[in-house]
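Next up: the structures, one after another.
Note that subunit A is present in both complexes that follow, paired respectively with subunit B and with subunit C.
Right after this comes the complex of A and B.
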């Protein structure tokens, strides 16, 4: 392939291009950051979503949904492509809290992780449609392209061992460029 | 404003339309091509795994958009309005190049028997299974023309089941990837006949375009090098270069205009600014893809054709078919993923025909690269859908799974159909396509048989665990949509004749996947292109009108 020298030049060039792209992305997923406000969720709803998403993709030796900022992905898309699901979320999240209050006397986000698992199994059974929706969106926010606000720092792509960042063609390079 | 009269107006700049535009304009006819979508370029390869033409959870990258283009889908749950990015919509694409702009580019010739399904297997109850009015040998020279003029790489010499060809493929295959190398010896041990998939993709520089750089983002994305071959980078530029052809994008055709005697005099369409325009022409050539071509004919009403043009016997929109994709997945104890795109590389045709008790079959091949989100659809049923177990599955299996799948030739069903919806209209006020019907039960039987064969291949290749992906009986359409304007000799049981001319009117043609009687056990692209070359040739031989040159 190309010599070390051209590789290096390429690396610098691409590195520069990337920092711009990544800076753009971090503004996009500012979610809870920008004036502390979410685009669609209330603060309490965002907590619930984050807790549900973390149940769906929990942190272990690799990052989970919380670190991947899955909630930012869902929040952004609910004001864009997923506008049509706004109502489903508003009602669905209220339903999740209602169910966990009935069972454990607390909001979903305030439950212990094991209680959350238990409560969520019930949600999956009783509110299948909403559960499937948030399951799909969590998967997208965790495994999908960071440009949409989730998969922060490409944590899931690191997990599966995919070389990144997505530079043009197959000219990947092993180490992560310094950005920012 | 009256637009300049042309010899031919072509509706849709996809696979069929692109070829027609080039053949007619090269022969000296003046041509106007109207395409409802845009002309994208390599710069539109955003490598967005949630928004491309294959995974569309955030929309279709190459059209149509969700906002302006609804359809109605009818199933057990009743009828509902569906968005263009939803599965039930049955989308292909809306852009210059149509499906060929972002497709996987497998370039298959159908087999001889694929044109004689009825003669080969007899009548199948509940199916309109029929022979094509043309044979493989009628199409063979045009397959060759498509392969050499546009450029196909691959090596099918190992495929003992292939139909006779006069010339080999013009380009060698791309080198085998890890999946190919894992599957090939296993196929041989099983007595099968593996070979390199023919692809409309440059393996070496060809026709002034570069060779493939083997990226991870191929099918569903724009090709950054233009190494993948569609009509947008071959026949359409060639048509425009003649000076006889004009391409208008963002042009949504509303209906075919007919004169008092029922002959076509052109089309009406909405231009990019939303103004209704009329393009008059001697010939109208409909190339909108199987769903939209049927919709356009059905939306063309006249006192002679109260139920739509070409629809005297209620065949327009019928027999919507595509391919049922049985698939098996194998998980290995070693990495099978090598990040060498496009991924699909090896195939067998051992099960296209000759399967005892089954009316046909299909080819089997390894799948294109699965990006992580898409990979989740491979999760076996015994892995929980969420929580630590699911995450662990993705982590360990992502680079260690191979998926073998194939397009089963479907049994056409009369009630699997496109209609013009009586109530719902699109952004322009045009009645939308209404989709209804199901797959034939025998199609599902064949699919289950094929999934077993795929699984056996993976097992032989050393997979530690294998599983099958379930198939459903939901209506088939989507990327490989075909069949809605059947080609045939009898006007009572088909829509166009063997030259693709609508039986009812002598100056309207349908030249795209709609005319396929059956859809082969292969991706349909090369057959659509070859048939468009053939139909254009026949049209030109019969043409008595003016020409710019000659």
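Right after this comes the complex of A and C.
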């Protein structure tokens, strides 16, 4: 009887342990994918930011803000150095979409390029602070170091003809053998 | 009391089992499981279109069924960082993993590994940073890490002590002593876009029309941006001899070589660490003579000589640095005039000019 009790306890223990492990794993696994590919933005917000950035640096013969993945830069930095701007972005982007809907009946990202330009001029006039913020961040994401999330494939550096990484030798203290 | 102990044991067991349990769950999806952690999306995308896409994540990055407590602890800290929202700008690859990767590359690329390990690019941290002959002339500096130990997290003071030209020098982290400073991941990006990997044919391994020139993974790990720059994007310098533009080989792979074997800003051949071919070897690719991975040159002369010899002499025995390190004539820059100091004989000079 005592042995059966021990067995039952052991089975219960193992069962409960495994269940807890599975539950723990599920909690850990379930924690991911909050916003799809984005850290801070919702999918809709990311579309709006991308459209605004592309209006600021449009693609022509060279890459624009979309190809430079400026939105990725802003998204990453909003969870790091730009945490203080989270509220400004949430409210500012909602405002941009609200204004677009009021004027054209569609979200900003769904507008035609000419309509986007018109809507953005309005944002510049009515929400100057937010416009300046996203303008500055777009420039940073487009021209900055790719390690921070933007300037994907160094597109802006290629545009300005900046060879990277530079071919750069080192001066040795000892004399180099003479050529020729 | 017993119940409390059992409950505590249960919690500990659950926590301990949940870590490999979760990792196993992630692995079971063949890569897609890793995407549950959404920060991995970019890495997954690049791997999925890379030449290594047929190789599962755990093959290179290690599997969950390991007794290595650090591996599991690392995963726990990552989950904690993830849940806190404290994420790095980009998912990096620490030096210790780079070193582990070298061993895993070897499992499939054995010949390349053997050639690299026995060549100059297989040099260890001790060999590079504790070299008395070098350190007494050239003080160890942060810039050394651009080409040696580019994956090392930290500056020269975190690696070598003392940082001066007097020594004696030792490594701050002695465990790195025998680790390579230029591992596979210096010139190869595993997630680089390219067709699925196929084994190189026998013809592809030897010089000739079927020789394989480049692998899709060829890229330079840039320490400053912590990113890989594909060979096609790397700049090729326009080299000069005095004011004269030097004829350059069109071989794009050389752009990798020039990242470390680079000239000074004057772009003069032979300045800085440059070894661009000049004289009789002008216009020849570095890789025409230096074998991939091993950099050995011993067998390379026969590719062109004696067919292209102007003197009818055995080029391997000529007075150049190829035959002897002490020779005044560096084989990279040797010219006919170096031996024919009174002038190249007319007949041969004409032959040389016609050859140009």
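One rule holds in what follows: the second predicted complex is superposed on the first by the 129 of 180 C-alpha atoms of A that agree within 3 Å, B and C clash if a C-alpha of one lies under 4 Å from a C-alpha of the other, contacts with A are read in each partner's own complex, and residues count from 1 in each chain.
FYI, contacts are C-beta pairs under 8 Å (C-beta built on N, C-alpha and C of every residue); 3 or more make two chains touch, one makes a residue touch a chain.
All values derive from a computational prediction rather than experimental measurement.
Colleague: Using the superposition on chain A described above, determine whether A:163 touches subunit B (first), subunit C (second), both, or neither.
Modeller: Touch status of A:163: both partners.
Colleague: Figure out whether A:48 sits in contact with subunit B (first) or subunit C (second), or with both, or with neither.
Modeller: neither
Colleague: Once the structures are superposed on A, label A:79 by its partner contacts, choosing first (subunit B), second (subunit C), both or neither.
Modeller: Second partner only, subunit C.
Colleague: Once chain A of both complexes is superposed, is A:148 in touch with subunit B (first), subunit C (second), both, or neither?
Modeller: Touch partners of A:148: subunit B and subunit C.
Colleague: Using the touch definition from the top, say if A:39 reaches subunit B (first), subunit C (second), both or neither.
Modeller: In the superposed model, A:39 contacts subunit C only, not subunit B.
Colleague: Kindly classify A:127 by the partners it touches after superposition: subunit B alone (first), subunit C alone (second), both, or neither?
Modeller: Touch status of A:127: no partner.
Colleague: In this superposed model, does subunit C or subunit B come into contact with more residues of subunit A?
Modeller: Result: the larger residue contact count on subunit A belongs to C.
Colleague: Scan A:116 for contacts with subunit B and subunit C and give back first, second, both or neither.
Modeller: Neither partner.
Colleague: Going by the contact rule set out at the top, does A:100 touch subunit B (first), subunit C (second), both, or neither?
Modeller: Neither partner.
Colleague: Using the superposition on chain A as set up above, list the residues of subunit A that contact both subunit B and subunit C.
Modeller: Common interface on subunit A, subunit B vs subunit C: 80, 145, 147-148, 163, 166, 168-170, 172.
Colleague: How about subunit A: which of its residues touch subunit B in the complex?
Modeller: 55-58, 60, 62, 64, 77, 80-81, 117, 120, 135-136, 138-140, 143-145, 147-148, 156-157, 159-163, 166, 168-170, 172
Colleague: Subunit C touches which residues of subunit A in the complex?
Modeller: Listed in rising order, the residues of subunit A that touch subunit C are 9, 13, 16-18, 20-25, 28-29, 31-39, 76, 79-80, 145-149, 153-154, 158, 163-174, 176-180.
Colleague: What part of subunit C is in contact with subunit A in the complex they form?
Modeller: Touch residues, subunit C against subunit A: 6, 9-11, 13-18, 21-22, 25-26, 35-39, 41, 79, 82-83, 85, 87, 89-90, 137-139, 143, 220, 222, 224-227, 229, 233-237, 241, 258-259, 262-265, 268-274, 278-279, 330, 333, 335.
Colleague: With touch defined as at the start, can you tell me which subunit B residues reach subunit A in the complex?
Modeller: Subunit B reaches subunit A through residues 47-50, 57-59, 66, 213-217, 224-225, 339-341, 372-373, 375-376, 385-388, 390-392, 394-395, 398-399.
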